[in-house]
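The first chain written gets the first letter, and so on, giving A, B, C and D; residue counts start at 1 in each chain.
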Amino acid sequence: MKGKRLNIGIIGYKFMGKAHSNAWAKVGQFFDLPATPVLKVACGRNLNNVTAFAEKWGWEEVETDWKQVVSRDDIDIIDIALPQHLHYEIAVEAAKHGKHIFCEKPIAMDVEQATEMYNVSEANGIVHYLNHNYRRVPAIALAKQLITDNVIGEIYHWRSAYQQDWITDPNFPLSWQLQEEYAKAGPHWDLNSHAVDLAHFLVGDIQDVMAMTTNFIKERPLANPDCVGSLKVEAISTEKGEVTVEDAALMMVNFKNGAVGSFEATRFANGRKNKLSFEVYGSKGSLTFNLERMNELEYYSEQDADGVKGFRTISVTEDVHPYVKHWWPAGHIIGYEHTFVHAAADFITAVSEAGSIAPNFKDGISIIEVLEAGLKSSLEKRVVSIK
Amino acid sequence: MKGKRLNIGIIGYKFMGKAHSNAWAKVGQFFDLPATPVLKVACGRNLNNVTAFAEKWGWEEVETDWKQVVSRDDIDIIDIALPQHLHYEIAVEAAKHGKHIFCEKPIAMDVEQATEMYNVSEANGIVHYLNHNYRRVPAIALAKQLITDNVIGEIYHWRSAYQQDWITDPNFPLSWQLQEEYAKAGPHWDLNSHAVDLAHFLVGDIQDVMAMTTNFIKERPLANPDCVGSLKVEAISTEKGEVTVEDAALMMVNFKNGAVGSFEATRFANGRKNKLSFEVYGSKGSLTFNLERMNELEYYSEQDADGVKGFRTISVTEDVHPYVKHWWPAGHIIGYEHTFVHAAADFITAVSEAGSIAPNFKDGISIIEVLEAGLKSSLEKRVVSIK
Amino acid sequence: MKGKRLNIGIIGYKFMGKAHSNAWAKVGQFFDLPATPVLKVACGRNLNNVTAFAEKWGWEEVETDWKQVVSRDDIDIIDIALPQHLHYEIAVEAAKHGKHIFCEKPIAMDVEQATEMYNVSEANGIVHYLNHNYRRVPAIALAKQLITDNVIGEIYHWRSAYQQDWITDPNFPLSWQLQEEYAKAGPHWDLNSHAVDLAHFLVGDIQDVMAMTTNFIKERPLANPDCVGSLKVEAISTEKGEVTVEDAALMMVNFKNGAVGSFEATRFANGRKNKLSFEVYGSKGSLTFNLERMNELEYYSEQDADGVKGFRTISVTEDVHPYVKHWWPAGHIIGYEHTFVHAAADFITAVSEAGSIAPNFKDGISIIEVLEAGLKSSLEKRVVSIK
Amino acid sequence: MKGKRLNIGIIGYKFMGKAHSNAWAKVGQFFDLPATPVLKVACGRNLNNVTAFAEKWGWEEVETDWKQVVSRDDIDIIDIALPQHLHYEIAVEAAKHGKHIFCEKPIAMDVEQATEMYNVSEANGIVHYLNHNYRRVPAIALAKQLITDNVIGEIYHWRSAYQQDWITDPNFPLSWQLQEEYAKAGPHWDLNSHAVDLAHFLVGDIQDVMAMTTNFIKERPLANPDCVGSLKVEAISTEKGEVTVEDAALMMVNFKNGAVGSFEATRFANGRKNKLSFEVYGSKGSLTFNLERMNELEYYSEQDADGVKGFRTISVTEDVHPYVKHWWPAGHIIGYEHTFVHAAADFITAVSEAGSIAPNFKDGISIIEVLEAGLKSSLEKRVVSIK
């Protein structure tokens, strides 16, 4: 144990609860941190479930009322590991109590919520982090370095797609992600929020947007309402309900710096499990990335000698690469969960050094502005400008 | 020599003249045809150049006036191997003389030209072929078979990009392809015409379109005007002229069958030489293709057993695959030029058997309708429907 | 905490100490185990270092004399996380004290050591595990399933290579791995032990062997002797010492079942960081694997329909795949360290259920027999049979 | 038609007859040659077949007795497009008549034949070429350039495999390639001759050899004897005959320059159609190649900046690459048959400029020496040195 102890209260214990707990438990073993994260209290509505969760992950205490957690004096950090419709209320309350916030993505249900989350956080001087964890994939952090170092040059193209296939079966039930009241939108909100965050990170601000959304399957069997936040969803009825979010979203944008970009988000790409891919083309070079091979970055340099130019596959597993020296020798790959550990490390550092971290609630506002413009464009069938 | 002799007159002797001549010369050696194509007369404005060309490729005669060629009684086929601004006049005249037409793509400068080319051709009962040669890449022909045989199921997504990088250098001169009067548009016309043709072929008709175009480099050194149709372009001046076509075009569409599609065409993707790639996602399976690896098709089947599903790379070089039995044993790949030979074989068969062939001028109209809708959408910043 | 508590004493705190500790700490969070592993005592010769290590990983106590650890009544499991020259003495002593053993690979310095380790272990009824962890890469476990289920058929070929590049720099110092007294041999011992283990696992027993070894760099700067077991090695002198192990080893074998196999192990393959790859060709299908993309298995089925045969890339990240349901949703990859967690889970299960686990010391003997036959073949320049 | 006319007599009209004829017919259209190859006479034992062949490919005359062809005064070049057991007699006779020889590989049935072919050729001052055509794949020619330019440095490793699967079916008949009297040996002769030629070309001379051969299927249905030289083989009987060549061969070598090498040749690698692959690892960089993607070369440079090192995929389709400027624009790939055209171009140049060309009969001797040493090693189960 080193430095100050930082007590964490986590709210949510399903998919993201597991991923975040693993990060808090592991980060001190691989990173030398200026403070020690303490897994203090886990909160969920079902006492049995949250107790089992806490025991497994080493959370010292349990709680069923999140308001109790955010108002405790001994808590330094609130970790919001819940679906997006629950972020706003908790984040605002936590910020008012001066708690630093580690918040799962997408930030919220609309720009108004995101803006208030940001304003209250700033007013209370807390560190706020929005967990678009892919910025901390070493290959993407390397991409950022290469762009910052101007080895890619002026950027012309951003081309991305986030493709999954988990609802192609028409009998897959009407889970919370398919209902507007919980999810706001479909892959456009869930997946494009990641892609837009990366586009902001790697290319820059977006000026205007054209988008198109569609539904392939309009009704599905009703699901167990307890599924919210969980990966396992069961149908509870042969009765069907309406799918109230899109199944796929396409979007084209102009960036303020003159680049053009495309986004595609879908849950109907059979064979793609979690394929977030992007291509960046610039005046000096190009980059491509595929999350299903997240330890690799492809890089093309126009500066290479004639005759030997080509996309090179960088195994982003060397000590010289971002975050990697904390893990294993070169060629020994890391996985999905490691990005959460990187986020935890940077967040603990930001909190203990009174700094800030990106992406945060301000970045969250920008993302939502683009996503909302996309939904508007899709409805109005025209270009929508970002203010 | 078998069957009837079919005398060909080719107009144009540059890049496409070479590719077409090679096809006519070679097709009879690899395919058993119902008639024999005869390289009768080559036509070009520069007598020296066209004479050298004819000698190299075995064209029996030369001519400098295309009107002489299309009106000769002994000519059966007119091969238009010229840039798009020259197609219309020659095609209409050739059709009026009852010549069968093998026409390079893109079909023409606008829907009106394309429509008249089609109407006159039909009125004169000729066989008309529009050389979107990629339909006859064996891997793409296999993709068509798989879709037709319903192994892909209902199609949800078409995702394509045609990426090149030959004008990323700002000092690359103002070649004919960068001037609206010769080229009509940039990669949207040149490259997206191929991609739209394949989307029509594999997915179906398009209902509405949103598009966006942009220019990265606005002015370039003036080029030698003799470059039209040629691959080699020299700057002739330090003086610059305006680039009057787009450098990149993005497009999203709704297909009439409910699928959504995206297109991206650019000459600014550093590292991509001639990368036409597409992905098709359907309810039963998926397909991906990349022209730079044109002997391969990737296929995912949702019907594969649990635990062993995955995209398989089919080496489309076996006798069971379209066109392949005419070439070499399995694993011995073919190249770009072979697609022209396939087109020549099917065209000769269509002509000698009084049949028709696709794509033809009717398909050309459909392609241009979509491309024009894209240009309009880009200007008006809204969705444009195809009538 | 569930079931019986199993107290672990770990000996060694460098690269493997870290990997093993992570596994013990993490396994209970992701797997439901019949017993609870307790990180009881960490042992190393340097008190300061081992104390820091224990604090970081949560080992309750520290010790500098391994004999004290293996003789403690309250210890159930000895984890030998040390280089191979130290395994024999500790394992034999631990077994005599009735401790279950989790032993790092390669098992020992020769067949005699390995055999005694096995005999004493069996005589004392302990569970012994040899950590050839790659058997528990999900993709390799899937390969085993496919072979066992006879979807590959009769196996004709095993083709493997384990390629690294960490000593291509002639100034890389004379680390312990390059000295026979510590390492016994070079990549033939370190890397081929993994490959031979996998060949035994997937193909079967080996009958005879031809091998060839070589050295590219004969002398290197002397290294800090404290480096043993560590990944970081510093030269301490400009003085040079002799490299006493091979730099590369090639081996061909006949398997008892008629298959033929090849092995290649090297530290001189520039660009390959930790590339263990293999190909298996059988009468019904084929498999290929590459550790640098360890979440993928390529599978070819001769039973696929004509026209759509090809190697398919299986993303071995679905719940139906071995070990995967304990981690994340499909497409969310895992990394190198997860194989140690899988080993820990299976080992704890074996210990608590009085079972056995593979690979174990018996498998270790078989591996060493093949490796020794390889060294002998290389010296005698002839085929050497395995008894 | 340019320069001197060089009259060619081809002997053989099956698979290689087709590939060679295509090369002679096409080479003048794509290359500016100092002389003009003339397809003068085609020779085969079956008059009907050879007549049809000649008509298709434009051979002016036909002949059924090869001795008539090699003794004609008007013939400049003898093209031996026959299986290996027929090379020796024809080549020696042709050389004695002063004909230049373009000879298919593998050169002959043993070192004695190859040596006499070479000696008589030299004595008669003819140009002799042995068609190991893969040296003229642009990607391999580029690999040679990179090695010659010392960008790969001192070579440590050659690792190659030539894998096919055309006889995995036990009912595939006993074609000539499976009979020692026609083929001398199996894939070791047919496929390893290519790989050894490339190893000589790219790495250097071989010093000693260890090899292992095996048979998976010992008897097969008898085949139509007319199949010799053809790709299509039919069983003519349910009666079976003995397979008298190996099904697979493994070989390890020491090169004279200190590199080590491995070779694997098989017709039992299900899913591999014509996969000749190799890897070269050197002190400054590495190269890999795969014939099924023959337009690509992978190159790793140890000189690249830290953090961006990786294997780059060079699309060997640019004008700066060997042979490519004669074909199509960048990214437009070529195929298998183009290597024959490159060979024809270089051969015509060598003949008309009284030069020599590689590989030739001297190279053929070296290849056979290695292959024979391999067969001997396999029999005697020990290392065999090349004299």
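As a convention for this text, a residue touches a chain if its C-beta (ideal position, glycine included) is under 8 Å from a C-beta of that chain, and two chains touch if they have at least 3 such contacts.
The structure displayed is predicted, hence computed values, not measured ones.
Asker: Touching both subunit A and subunit B: give me those chains, sorted by label.
Answerer: Both subunit A and subunit B are touched by C, D, going by the contact rule given at the top.
Asker: For the pairs B-D and B-C, output the one whose chains share more C-beta pairs in contact.
Answerer: B-D
Asker: Considering only mean CA positions as chain centres, point out the chain farthest from subunit B.
Answerer: That would be chain C.
Asker: Go ahead and note the Å separation of the Cα centroids belonging to subunit C and subunit D.
Answerer: That pair's centroid distance is 42 Å.
Asker: Could you tell me the distance, in whole angstrom, between the mean C-alpha positions of subunit B and subunit D?
Answerer: That pair's centroid distance is 35 Å.
Asker: How many angstrom lie between the centres of subunit B and subunit C, each centre taken as the mean Cα position?
Answerer: The mean C-alpha positions of subunit B and subunit C differ by 54 Å.
Asker: Can you list the subunit C residues in contact with two or more other chains?
Answerer: 272, 300, 309-311, 315, 318
Asker: Spell out the part of subunit A that touches subunit B in their complex, as residue ranges.
Answerer: Within the complex, subunit A touches subunit B at residues 154, 156-157, 159, 161, 163, 168, 210-212, 214, 216, 247-248, 250-252, 254, 258, 260, 262, 264, 266, 268-272, 279, 281-286, 300, 302, 309-311, 381-383.
Asker: Tell me, which parts of subunit A touch subunit C in their complex?
Answerer: 1, 15, 19, 21-22, 25-26, 28-29, 55-57, 164, 166, 231, 272-275, 291-295, 315, 317-318, 327-338
Asker: Could you please specify the touching residues of subunit B with respect to subunit C in the complex?
Answerer: Residues 142, 145-146, 151, 298-301, 304, 306-315, 318, 320-321 of subunit B touch subunit C in their complex.
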